[in-house]
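Right, I'll just put the structure down here and ask away after.
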Amino acid sequence: MGPTSFDLNLLSLWSPGWGGVLLAGLMRSLEVAVGGFLLGLLIGIGGASAKLWGGKVLRDLLEVYTTVVRGVPELILILILYYAGTDAVNKLMLVLGLPSVDISGLAAGIFVIGVVQGAYSTEVLRGAIKAIPAGQLEAARAYGMSPLLSLRRITLPAMLPYAIPGLSNLWLIATKDTALLAVVGFSELTLVTRQAAGTTKAYMMFFLAAGVLYLLVTLLSNVILGAIEKRARRGLSREQAA
Amino acid sequence: MAETAQAIEVRDLHKRFGPLEVLKGVSLSAKQGDVIALIGGSGSGKSTFLRCINMLELPTAGSVTIHGETIELKKDGNGGLMPANRRQVQRIRTKLGMVFQSFNLWQHMTVLQNVIEVPVHVLGQPRDQAIEVAEALLRRVGLYEKRDAYPAFLSGGQQQRAAIARALAIQPLVMLFDEPTSALDPELVGEVLSVIGDLAREKRTMILVTHEMKFARQVASHVVYLHGGVIEEQGPPEQIFGDPQSERLKKFISSIH
Amino acid sequence: MAETAQAIEVRDLHKRFGPLEVLKGVSLSAKQGDVIALIGGSGSGKSTFLRCINMLELPTAGSVTIHGETIELKKDGNGGLMPANRRQVQRIRTKLGMVFQSFNLWQHMTVLQNVIEVPVHVLGQPRDQAIEVAEALLRRVGLYEKRDAYPAFLSGGQQQRAAIARALAIQPLVMLFDEPTSALDPELVGEVLSVIGDLAREKRTMILVTHEMKFARQVASHVVYLHGGVIEEQGPPEQIFGDPQSERLKKFISSIH
Amino acid sequence: AAEDIKIGVDSGPYPPFSSPDASGKWVGWEIEMMDAFCAEAKLTCTLSPIAFDGLIPALNAKKIDAIMSSMSITDERKKAIDFSDKYYNTPTAIIGPKGVKFEPTAEGLKGKVIGVQVSTIHAAYVQKYFAKSVAEVKEYQTQDEANNDLAAGRLDAIQADLVTLNDFLKTDQGKACCELKGNVQDDPAILGSGVGVGVRKEDTALKDKFNAAIKAVRANGTYDKISKKYFDFNIYGK
Amino acid sequence: MKDEATLVPMTYAPPKARSLLEPHRIALAAVFLAILVSAAYFMRWDWLPRYQDRLISGLWTTMLMLISTSVVGFVFAVPLGLVQVTGPKPLAWLANAFCTLIRGTPLLLQLWLLYYGLGSLFAQYPEIRSSWAWPYLRQAWPYGFAALTISFAAYEGEVMRGAFSGVPKGELEAARAYGMGRWTAFRRIWFPRAVYRTLPTLTGETVLQLKSTPLVATVTVMDLYSVITKVRQDTLLTYEPLLLLALIYLCLTGILVLAFRLLENRIPSRGN
């Protein structure tokens, strides 16, 4: 068998086909992508709030965080965070006198993707909040809403249509960034593809198969995100939406 | 509560933006049912005055009393004032129905949702009841058919009428209007003025900043002319418009007409 | 070339957009130095007519002759016309100075670059000479100081004056103006009209679509009233504005004034 | 109760020692040996695939507790981690395309492009002995990628462990393209003294457990039983 | 999801320059300086001189990769964007499919597909092996170059599509009205106008491209990242080389952003 071989039996879902392994890898990729995206969103909400309403020092620290994350290749961040992140957690546990925790590859992967996504989320959400016409927040104040209530009832929902395009983009980036975890040996789709390809020597076929899987995820995401975006923008007229 | 007779009483209000003193001691009081028209040139501080009443701007000095309850203010560090009690401010705000020049409807909610938002989520009214009230109000401002539309799809005049319904839904003690028609195309001004006119005839207490002199003359019980941060002249509409005393007011009225 | 006397001659122009026939046979001719004002209600086809003259819209039928040279058209497959000779159209276009309602200056070039663009890159004039002419023109429209500014940093009136300079720079046989002032704030209209007025007094041939009736009356040598795709009435300005015949024109003039 | 530990293995296929099969399970001599050691030492071992060059950092970051990934015991590595006694030792060899004759020496490799797996003893050896004479040294994340590039004509030679190279030469791809050129001259300082289980320096208890297990597995015949399935020679070395 | 803004990937946006001299900033700077100094002091950097030459040559490779792939990628991006706006339909569809395909799959996978998949096919054909191209096909950089170029072309092509379609119709009409032919109008008006519109996003795209370059190390190109990998395996240090690498990339990003800003400042920012 050479690299040209297109023995489709190799893609069968059951051994000796590698299809099952690929799908399992895809699931792992998606788990990390979903987890990392959500963690990023959480960091983003906190980061955006702090950047908008936080103290000077906090704002500057966040600026450093977003600048560094956006200026350093993801691959390098992943390497640093993958080793240093868990190392730091364990050192911290040691200082606190707790037993070192067992950080699974999955948790580490989610952490790494999440920290990277968080920087971008922060900017997306901050921009979205700033895009809300000031008058709407003022109206909330004028009618006696407390800051928390107005955040929940006005700011967050009003920001959504502005944030969703950026967040959609981030989700697509998250799905693709999981591939970088292959370099640290995390068994997501790209790595298992490489293992399958290396073992069977059917490089072309397996890489193409993985490409199709990624593309399906992207296209499906596009459809769903498009629907979500349409819904979020239902209150915006055409000019505003542009 | 000796002053219950006064729906609103503002005493010696000062407001300074940095080096610029916009309000230099403005006092004003309105009895229940009064319709006060606030007029004045651009930049004379009309909006600022209105916004100080519900503490959207914090005054530098002075006091505001709504139906006998004075908003408690304390000194902040920078020579200004700040609310001593946030909750009190929030509570009093629910008694002041503010209508903005640029409508400021919440864009992510339908018209009906806009109107019930404050009753349900701030005043804690049951949703059903709030909807009932809201629908009656929307019928009144002629927007019942549009209750499920989003603001962005309404004309300016319709948006402003919805904003008035939103303000009325909290059953305010005083309505505050800040140039409610000046962001509207000329052909839409009429529909909004007619709604406000109805409210005036019902003897709702209101303070109305406007450039529509003809309208002010018709509906106001009292007209206040602001200039350079102080009240230059005030009185019943016939007097202010028919027989202005100060040179400035004369010039102002002739320039507007 | 029997018709050299006519600077521009349009014969029986028809234009159809799908089912909608916008121009139903419009003929018009102008001698050297004529200033023709084209007036008419919104949607009456004024812009379409102007755009057909330089083939920005292709007419469905009819002919256009500029200084004796008729634009060659041939039938396209769909019952319309198309240029028989692209180069001819391009050449004739360089003799027609079009000024648009929305200026359409090229935003990535400075004012000066905008003005010399066509002379240098279409007409092949030496750059130095083009700059000399352009600076003279800019001085004339009062924009010499702004020659190195980008259009986005100019007011609407300045932009339109720059656009007029751009049109003049090609030394056009005929100037075409499509509502040159209607995208301008009222206070900027004057400066543009005064430039156009100067051109009219110099006896530059021009066709001017406008809603500024007073101005049209002053500068036009001939006024054409378009309605429903045909010329409803035409004549010297005194007659059209002073003694309109058709009911429609009467109504139109009274609605505008 | 048995102690839970995580053992790191190179995530790239390294047959016949360790490679994933189509069901995602890891198989190979070293995997079976791992099971044997763990059973002997009463450890519950979980296998954790990690990029080869990330194994030592992962061990020190406590993401894993031991390395069993054909990692040779060298002085350089001993600066960062500790090793058990060796559990196998094989010579280092060089392979190249068929039909091109050359010796596995600096002289023979002159002007050639040689490939090695990143972070291995072979990378270090090539660096020291061949770097000056070869045209280029290419480093690969996994061994099978180097093999593949040799077959694809992008390499003129590969240096690696003799056993894994032989395994490659037995595949269709290897048979078609390449052949053994011979063993390189030994240099224990770099090539080390066999393959051991890597553990953290402070983890002497675990090291002792592995040492005992290796001894026991060799003594009770399990070692030979497993090895016979894979090799027809003595993998333990002298 | 279709409008241009949403399709532009997240990019680096430099912080606004505010006063660096506020007291809390000075304190923060001091803290960072302290961290830096202690990192320099407590961590191991003795390997640096030994690898100096290789680091510089790696840096050079990285820069070469960045610049060449961005320039060539941009050249491809223009037609990719243009045909999506002007058609013809089949070409527009193809260009759109290409952009979707490339942007929908990870670059790492594309790179491996090219190098390990496609690249190893060539060897089977003696015609290729004996052709002039073989010495290049044997090496790794052509594959890295191809993958990065394709990726840049796809992302920037999408940006160019938005830029071309975003040029106000009136300006193109004015070009026609003054007798410009199609080619002149494209060369003088449409293209430069579109490029100006993309400049701000071009910064971001180029920074993204810079951040993608280390991937080529996985196919044996000796770029900066792979030199650092070498340092890591030789010295068995985990953090020091990576931190240095991060720092270098951060500097490169900063330089790129500044360079683009200088370029941007030379042309009008309004009216886009």
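The letters A, B, C, D and E name the chains in turn, as written, and every chain counts its residues from 1.
The rule is simple: a contact is a pair of C-beta atoms (placed from the backbone, for glycine too) under 8 Å apart; a residue touches a chain by one contact, two chains touch by 3 or more.
All values reported here derive from a predicted model rather than from experimental measurement.
Chemist: If you apply the touch rule, which chains end up adjacent to both chain C and chain D?
Modeler: Touches both chain C and chain D: E.
Chemist: Nearest 5 degrees, what's the C-alpha rotation angle taking chain B to chain C?
Modeler: Resulting rotation angle: about 180 degrees.
Chemist: Does C-E or A-E have more contacting C-beta pairs?
Modeler: A-E
Chemist: What is the chain whose Cα centroid lies farthest from the Cα centroid of chain B?
Modeler: Comparing chain centres, D lies farthest from chain B.
Chemist: At what distance in angstrom does the C-alpha mean of chain D lie from that of chain B?
Modeler: Each chain's C-alpha centroid was found; their separation is 81 Å.
Chemist: Determine the centre-to-centre distance between chain B and chain E, using the mean Cα coordinates as centres, and give it in whole Å.
Modeler: 55
Chemist: Measuring centre to centre with CA averages, how many angstrom lie between chain A and chain B?
Modeler: 46
Chemist: Going through chain E residue by residue, note those that touch at least 2 other chains and give them in order.
Modeler: Residues 116, 120, 218, 238 of chain E touch two or more partner chains.
Chemist: Got the chain D residues that touch at least 2 other chains?
Modeler: Counting only residues that touch two or more other chains, chain D contributes 57, 60-61, 141, 145, 148, 151-152.
Chemist: Which chains touch which?
Modeler: A-B, A-D, A-E, C-E, D-E
Chemist: Residue numbers of chain E touching chain C in their complex, please.
Modeler: Those in contact with chain C are residues 168, 170-171, 173-181, 184, 188-189, 192-193, 196, 267-268, 270-272.
Chemist: Across the complex, what residues on chain C touch chain E?
Modeler: Residues 54, 56, 86, 90-94, 96, 98, 100, 102-108, 117-118, 121-122, 150-153, 166, 170 of chain C touch chain E in their complex.
Chemist: Quick check: in the complex, which residue numbers of chain E touch chain D?
Modeler: Going through chain E, the ones touching chain D are 116, 119-120, 122-123, 129, 134, 138-140, 218, 220, 226, 229-230, 232-234, 236, 238.
Chemist: Over in the complex, which chain D residues touch chain A? Could you list them?
Modeler: It is residues 6, 10-13, 15, 19-24, 48-51, 54, 57-58, 60-63, 141-142, 144-145, 148, 151-152, 171-173 of chain D that touch chain A.
Chemist: Taking the complex as given, what residues does chain D use to touch chain E?
Modeler: 53, 56-57, 60-61, 76-77, 79-80, 113, 115, 118-119, 123-124, 127, 138-141, 145, 148-149, 151-154
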